[in-house]
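After this come two complexes, each holding chain A, first together with chain B and then together with chain C.
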Partner chain A sequence: MAHVAPTATIYGLMAEFETPTGLVEAAEQARLAGYRKLDAYSPIPIDELNEALALRRTRLPMLVLAGGILGGLAGYGLEYWSQAIAYPLNIGGRPLHSWPHFIPVTFETTVLGAALSAFVGMWALNGLPQPYHPVFNVPEFARASRDRFFLVIETADPRFDRHGTEQFLKGLHPVGVHEVAP
Partner chain B sequence: MATEHPHDRLAHVSDGSAALRVSPPVIAPGHTFESVTDKISGIVLTKRTPIGWFFGFAIAFAFLMLLNLTIGHLLMTGIGIWGNNVPVGWAFDIINFVWWIGIGHAGTLISAILLLFRQQWRTSINRFAEAMTLFAVACAAMFPLLHTGRPWLAAYWLFPYPNTMGLWPQFRSPLIWDVFAVSTYFTVSLLFWFTGLVPDMATLRDRAQSKAARVVFGVLSLGWRGSAKHWQRYEMAYLLLAGISTPLVLSVHSVVSFDFAISVLPGWHATIFPPYFVAGAIYSGFAMVMTLAVPLRKFYHLEDFITMRHIHNMTKVMLVTGMIVAYGYANEAFFAWYSANPYEGYMMMNRMTGPYAVFYWSLIAINAAMIQLFWFRRVRDNVALLFVLSLFVNVGMWLERFIIIVTSLHRDFLPSSWDMYAPTRWDFAMFTGTIGLFLSLFFLFIRLLPALAMFELRTIVPQAKVQAGHHG
Partner chain C sequence: MADVTTYAAPADLDRLRTRALYAGVAGLVVCGIGLVVDRDHFFRSWLTAYLLFLGIALGSMAFVMINHLSGGSWGVFRRVFEASSRTLPLLAILFLPVVLGMGTLYSWTHEDHVQADEVLRHKAPYLNVGFFLIRALAYFAGWILIAWTLTRLSKRQDEGDMSVNLTLQYVSGAGIVFYAFAATFAAIDWIMSINPHWYSTLFGFIFIGGQGLSALAFTIVISAWLVRREPMAALLRPSHFHDLGKLSLAFVMLWAYFNFSQYMLVFAANIVEEIPYFIARISHGWQFLALFLVIFQFAVPFLLLLSRDLKRTPYRLVMVAVWLLVIRYIDLFMLVAPEFDASGANLHLLTGEHESGFYVHWLDLAAPLAVGGLWFWMFLTQLAQRPLLAVGDPYLREALQSGGGH
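After this line comes the complex of A and B, so read on.
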């Protein structure tokens, strides 16, 4: 186990925990021990993990703001162009650019732009859909969507050491430590 | 597992202590990650479909076939098969449209507005309420589309796309606002619903026994693996979608009410319409959630998740919004008198004493009088009675739209153009047909997808709390 060669053939090491508290503590310990290429997996969102893993705030809100503004401008622009330029009609003597009438649709396209960018942006930033990921090679990982909590330290981490990291993970009181095939 | 507990009685006992007024819990005690996940996913992954499911689906499907027949006849013959006539140019088509859209409001209200208000009890009812929203909006959309008679031409009447005729829709018309409001609402509700489903799809993928189910749920789960980084963005997206949907849900029925309020017809031309319509929509939507939740919790033994707390809260929401609607009726009557406008005054007298008065008083009896029963704890504790009352609310809200639309149109300014309106059998076939479509989709939904949000239910079990002082 102590020889170096096999490290290249695995994706990383996975520790399995029974409780969210166990995972949060382990993630924090791993951060403090200097590991940087690690990820935690849980069947529920755990706010404390953001801090434990020192995750940066997501850029998603700015994306959604931009999408909303773009949607609103597109909606209003379409209305102005189609009603005042492309297809001018006199409706009850109202001005061609009768802006109060254009507000409801502008509102709806703003909402649509923001919602689409929240949806597309979130999946894109997450890199999903992703047909394959090494963590699924661990049979125990099937419980990550039910009742178990996992911490994975990747071999790509500069501090990763096949034996040392395994000992470190075992010291965090997991239910088990598994090798993750690439 | 605490499935056998007589929770309704427990809830009753704890409610009985009037001094403390302890609310029943949002999830029955004793549940864990495993029990929640296994119970909900078991409904989908079981090989044995309950016989009652087939029975219910068969009835719903028969009405769906009636809808197909009606649409076929409508497209071959034209909308003359309906009872619409010259003063009443809008009848069942718009009544049913507004009715269905209104019902569709509860889903997004529960999933978005209650999320922003941190109402934990939304968690076990949001999923099927959102599904109900989508199906209701799909039913609603059929009516205006088919009212055009030639829906394939409606594309350029409704949607702005560059066409060879150089035509554009008229954006000064509330009907076009409606197209945008309803299609945006459907799209955003769908995105919200699907986003909520993804982690649950992953659970089903991991728990499915059959290869086909693993592949289907695997594709639908998008490869979700519950990574902390993913959850962080996911939670943010969910919150943002909720924030975006909140003004949206209020705007949709406001825009629907503009279809009427922008006109000059007595009975339609009223500034109270937008808030009054929105309140009515939430009221009827919660009634439909109740109509669906009561049998769902009974037949699938979900009393642990849809507890008396949910039933109580839904009843209270119906009471509040129902009272706003009743205020709307009073306000309409008051302004008809206070405006001193003879046409407004006549419209109100015609509603109260004219040929359709029986419908007007029925809706007052339901939406203003009957809902006062919801004040009583004994009524709120009686699930079977609430189911019946929620059906009445659905009827009452349908009658409201009938009264608003038909009585306003059939006697307008010129007595020479007055006429009576009566629906034909095809009107009823189409209406009951959409109920068949709605229920068929709902039956398929509860069989094929998790009807309750598993991952959100997991967050409210006691285990989910990260113990304080973990900082070592």
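After this line comes the complex of A and C, so read on.
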């Protein structure tokens, strides 16, 4: 564990845990202690972390719903315009507006609209691509994609205090506490 | 006694079981009166109600097999599915009224009727009483054998015998294939042949998809009851209900997909053998029931089940599930009832042109009470016999963990 110099500028402090439960409990404790600028890193999705970190719900589902509805309307509109207005053809005596025939296309364009807005919206909202992030300066962080769980409290947090925060993190029973170079 | 370590069923299960038996017997008495005073309606109502509970049992058996093959944290519900599948012997007995009512239900059982109809003469090698009974016997023998084998192996797994894990997968793989074929033929025999001229290649899929939806809805109802009691209170998480909710959403969409595909193909082809089935269901009052089904078996449950919060909140999800069970019965009613008229007479046995106007009979309430009460009594009996969790399941520990695999 690195010695923490009192004046150096760093990105934040990182605590390393061996179990997902340890990480979730630490995140809860950190929220309770008043820390707000914190993030957790885990090799597997952990549902409880969303609540422990009090993360805002993503707006992506609403975007996907809107994309799906728009796609569906566009598909049905295209069918209606081409079959009933632009190129009216009598097919086996059926009405020009034979809605059952329009449903497959409407379904497909609904899925297309939803999928496209999910793809574009995801990239727009998640902040990727991000070529540099300070957490990778910690050598131990390589295990974040394998078998270790990390909690980072950023220096930008108003309650961040070099010594106090380090003591606080050590009190959460981590395997180690590392400082994160900017 | 509710025991946390052995995952025994909650203590108040017995009271519920007794009530189910009373309800079933009361329903049977009313059905008995119906059999005497209104014979034709009795057989039609019994068949409809029977198909709902058969669907829960068979759909549940299919989910047990899928879970053995796919894994997934929704395996924590496997004991509920297994208990449903072990009701099949009772369902074989409850099928007897359908056999006794064949003359009323199926016009092709009447020799003179078949001889007068060229299409039925051609279908006679398949649609005849002897072969129908042999097939029914084969379906039940196969289904019961599969359910029994899976239960026996799963018991050995509980006792710590890990060698059965692979066998369970083999049995499930073969069992799924048998189930799908047998259920398809059963749908043709028991429902489609009521209108013996009509045919639809999607009908078996509609039947199977409906069974999946019924089984999921029923399992949600039972699990929401279990999660309010020990020992499951601390074990079943929102994420587990989320999984059942997501599967239900998929099956609601599947129902709409199959039914719409069948409708559109018939609409597009517009041929005389296929359209009478739909004309009967979009006229004389039945069109309102058709619209009701589209809105309340697809549109409303679909929109509700989109909500993540609803799927993760058992007491809200259970309301959708109860509704799905009700609408499943109405959907089966729609498959059967329009082929009969309000007097109970089979339209295909009447000479000349006849059409059915919308009707509901009091036996349509008594029959589900009788079949459902007895069936639910059997289900609870089976549920109480085994630990509520498949304790020998190698994936159970992972499924119970937070963030366990799906």
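Things worth noting here:
FYI, the second predicted complex is superposed on the first by the 149 of 182 C-alpha atoms of A that agree within 3 Å, B and C clash if a C-alpha of one lies under 4 Å from a C-alpha of the other, contacts with A are read in each partner's own complex, and residues count from 1 in each chain.
Methods note: contacts are C-beta pairs under 8 Å (C-beta built on N, C-alpha and C of every residue); 3 or more make two chains touch, one makes a residue touch a chain.
Computed from a predicted structure; not experimentally measured.
Using the contact criterion defined above for the overlaid structures, shared-chain residue A:L112 touches chain B, although it does not reach chain C.
In the superposition on chain A, A:I46 makes contact with both chain B and chain C.
In the overlay built on the shared chain, the residue A:H101 is in contact with chain B and with chain C. Of the two partner chains placed by the overlay, chain B and chain C both lie in contact with A:T21.
Of the two partner chains, chain B is the only one touched by A:G121; chain C is not. Taking chain B and chain C in turn and counting the residues of chain A each one touches, the greater count comes from B. The contact surfaces that chain B and chain C form on chain A in the two complexes overlap at residues 20-21, 24, 44-48, 61, 94, 98, 101, 104.
Interface residues of chain B, counted against chain A in their complex, comprise 32-34, 37-38, 160, 166-172, 174, 176-177, 180-181, 184, 187-188, 191-192, 195, 199, 202-203, 205-207, 219, 222-237, 240-241, 244-245, 247-248, 251, 255, 258, 455, 458-459, 463-467, 470-472.
By the touch criterion stated above, chain C contacts chain A in their complex at residues 238-239, 260, 263-264, 267-268, 270, 306, 308, 401-403. Interface residues of chain A, counted against chain C in their complex, comprise 20-21, 24, 44-48, 61, 65, 92, 94, 98, 100-101, 103-104. Note for the complex: chain A touches chain B at residues 19-21, 24-25, 27-29, 39-50, 53, 55, 58, 60-61, 64, 68, 75, 78-79, 82-83, 86-87, 89, 91, 94, 98, 101-102, 104-105, 107-109, 111-112, 114-116, 118-119, 121-123, 125-126, 128-133, 135-136, 141-147.
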